[in-house]
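Each structure below is given as structure tokens.
Both complexes below contain subunit A, partnered by subunit B and then by subunit C.
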Partner chain A sequence: MPNKSAGLAAKAFAVYAKDMRLELRSRYALNAILMFGITTLAVVSFSLGQFGLSPKFLAALFWIIMFFSAMSGLAQAFIREEEAQTVLALKLTADPDAIYIGKLLFNFTLLGIMTVIVTPLFFIFTDAPTANLFRFILVLILGIIGLCGATTLVAAIISKASVKGALFSVLSFPVLMPLLISLVSASEKVFDGLPLGNIAAELQFLLAYAVIMVTASIMLFKFVWQE
Partner chain B sequence: MWWKILLFLAMSALIVLSYVTPMPQKQIGEASRIFYYHIPQAWICVVAFAMSMVFSIRYLRSHNIGEDDKAVVAARLGFVFCLLATITGSIFARVTWGSFWNWDPRETSIFILLLIYGAYFALRGAVEIEEKRASLSAVYSIFAFVTVPFLIFVVPRIVPSLHPEDSIVDENLKFTMGPTVRTIFFSSLALFTGLYFWMFNLARRIQRVQRIRLEKEI
Partner chain C sequence: MYSLKIENLAKRFGPRKVFADINFELQTGGSIAIVGPNGSGKSTLVKVILGLLRPTLGTVGFSLDGKNMTESETRSRTSFVAPYLSLYDHLSGEENLKFFSAVAGDHVTGKEINALLARVGLEGRGTDYLADYSSGMKQRLKYAVALLNKPDFLFLDEPTSNLDEEGKGMVSQLVEQYRKQSMVVLATNEPQEYGFAEQICRLGG
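Then we have the complex of A and B:
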């Protein structure tokens, strides 16, 4: 049914466009996520100094910064709907799949903008090796897809709970842990200058993780949204 | 009633037998006896969490609150056995590898399992309306369970593990245990499973009594 899927894509895009427009008006989530990223980066760089960090350190620090920045802003997409009491209106105008995909794209954009700004700063502040930049970007893209794919559903869950802020990281962390382990492992190898073949296992994992988490989220999202 | 008495006697016999029979593994020594308890505990933990996930799926399909009650009981018991498996594993690690905790892949994955269900209970505590709590926590427990295969099969491949895998099966999937060890091990597995279902039924009965009381108060 090409007609129905075209409708889904259009509706998902409409949700995405609505969220982007709202975000550009207030820039609340974007500011939070960006400032959090920059602040953590500054603390790390200031306290550890610029030179002589081993690849393992660099990889771990980078993904800790990414994780906590993601935690600071990615729940906004759903919390905002609850706070503005627009959930019902959204329920009436679009089906759950379209809403989930729209919100996923929105979170991906947020994290993408933050990554584009913070990653170069990370390389400048920590003097990380830039020799394998393309491989690093590949890991980075798969990483933020995985991060968004796993946290968007959790964001939807916590928007319905009474204590939102703290629960988001508590619920997200166990789900993200396998992702973070292999992201750190892959980034460490990239910083070490190992060839692409050495990170093949991690790349497969990252891809599988992103696909499975997004599929599971789409299947489960309607149960959260109906509440 | 009779099977509970039988279970009690058999469990006592198991505890005695696990100490008086020859050691399961000569190289590891006396500490290897812990595997009569550690593996059944880990097994019950997996069974209980899997059951909790199945009840959660059934809740989402039927919206029958009884399924949610069963899911919580299974998750609680799974958490208890998961803690026990972590503690026995940690003791074993101290004796054989020299430290209680060193982020071996197995330790990492069991730690994340504890975190997942800790988060599950935290979520349940944060939602007041019963139906809402049931669906949200069901969704979370299914979603989190999806990552477990990654932890068990993928992470140990990326990071090398010290966890002994050859105590039950060798690389050709043949049993490596002698007949005595095998008998005790499988009886222990069966007895722990019996114990788990006993505990499960007890907890269910308490829940039902609580529901009846609640209805009477209203």
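Then we have the complex of A and C:
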């Protein structure tokens, strides 16, 4: 048999690079995510006017925007393969682990781009306190990993369904509920200016959630993909 | 020596029987044509053999020198061409070839890409997006992708679908070459393609 020298990382990167190239040519998922995030922020900003929000509401508002932005675009990684009927060629050629990791990285990049654009706008529009930015970025990174880990697997599950959009949100919501509660709690404490020790429990949970979701998804993806 | 052994294979979709009691064995240098009228289950049988569908009954075994091959080993040695298998419309022909090579763990050089494109009659069209290809050109590119890994198991469903006379000639030559050096399984209802293979598996009565 010929020597297949490339490892899992190279194969996953091939999937990631292909998805990024297709996304940059169509900008379908990125536009959907950004449009939702920016529109929501603009509406909230105009509605609030000069009235500020409490840290609890600011945190909830931020993660509501992140959750629904993710819902509007992250399923595309698999839906696009299914709708273009390229899923068969991919199944026959690629290792399921490489596909999942490639798609996870793609979703992480999409949500990362969205976060880089929407987060500064959020701080500008809502006058959210910026004193503990480093802690907020830490919460953000763990939150995005958790969001992507869970939603990438759900996206693969719903890609064959007829009502994909609705099903994606409905199936993702219970899986993401503990993550979102913890993210809102951690963000509220950051906006309140509490020290790092006060959000340690939330950070531990977020880290554990991200590791468990990504690991469990890699283990389960093969079964979802092959059916 | 590679082998493919099909034993008592059956497939049902709910109450509807698609096929039952399919048995055959092939080795490197062997070829079989799965033939039958529309709806007789030719494509379903190919998909079951490729592991894309689960059989209701029976087994499919790929082996090398008598030792069972893993799913990953089989995948890396198998190529498939079918009209319902799509490549990426928003990638060029070259980009499609590079992607399918990389994701399979290989590296294809520019020279190899040009040689493959020339082989399937797409010389000079490698930088065009597939969205700009005709259905026949897309079918030709599927052959180029299939030949990337020099397969030991070549599966062809409706092998000359969408192809012109020149394309049909290309497929005929390719099957002739690969049935000597590897194993060819083709599904067709075109009587002139029955001759591509040494054995025939007839479905649908």
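The working rule: the second predicted complex is superposed on the first by the 219 of 227 C-alpha atoms of A that agree within 3 Å, B and C clash if a C-alpha of one lies under 4 Å from a C-alpha of the other, contacts with A are read in each partner's own complex, and residues count from 1 in each chain.
Operating definition for what follows: a contact is a pair of C-beta atoms (placed from the backbone, for glycine too) under 8 Å apart; a residue touches a chain by one contact, two chains touch by 3 or more.
From a predicted model like this one, the values you see are computed outputs, not experimental measurements.
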{"item": "Superposition on subunit A - do subunit B and subunit C clash or fit", "value": "fit"}
{"item": "Superposed model, angle subtended at subunit A by subunit C and subunit B (C-alpha, nearest 10 degrees)", "value": "90"}
{"item": "Partner chain(s) touched by A:V170 [first = subunit B, second = subunit C, both, neither]", "value": "first"}
{"item": "First (subunit B), second (subunit C), both or neither touched by A:E202", "value": "first"}
{"item": "Touching partner for A:D19 - first (subunit B), second (subunit C), both, neither", "value": "neither"}
{"item": "Contacts of A:I157 with subunit B and subunit C, given as first, second, both or neither", "value": "first"}
{"item": "Subunit B versus subunit C as contact partner of A:A94, first or second or both or neither", "value": "second"}
{"item": "Touching partner for A:E188 - first (subunit B), second (subunit C), both, neither", "value": "neither"}
{"item": "Which of subunit B and subunit C A:S217 touches, first, second, both or neither", "value": "first"}
{"item": "Partner chain in contact with A:P178 - subunit B first, subunit C second, else both or neither", "value": "first"}
{"item": "Subunit C versus subunit B - closest C-alpha approach in the superposed model, Å", "value": "5"}
{"item": "Residues of subunit A contacting subunit B in one complex and subunit C in the other", "value": "226"}
{"item": "Touching residues on subunit A, where the partner in the complex is subunit C", "value": "1-2, 4-7, 10-11, 13-15, 17-18, 21-22, 25-26, 84-86, 88-95, 98, 226"}
{"item": "Interface residues, subunit C side, partner subunit A - complex", "value": "50-52, 64, 72-73, 75-78, 80, 82, 84-91, 95, 99-100, 102-107, 145, 149-150"}
{"item": "In the complex, subunit A residues that touch subunit B", "value": "153-154, 157-158, 160-163, 167, 170-171, 173-175, 177-178, 181-182, 185, 201-202, 205, 208-209, 212-213, 216-217, 220, 223-224, 226-227"}
{"item": "Residues of subunit B that touch subunit A when the two form their complex", "value": "60, 108, 112, 115-116, 118-119, 122-123, 126-128, 131-132, 135-136, 138-140, 142-144, 146-147, 150-151, 154-155, 157-159"}
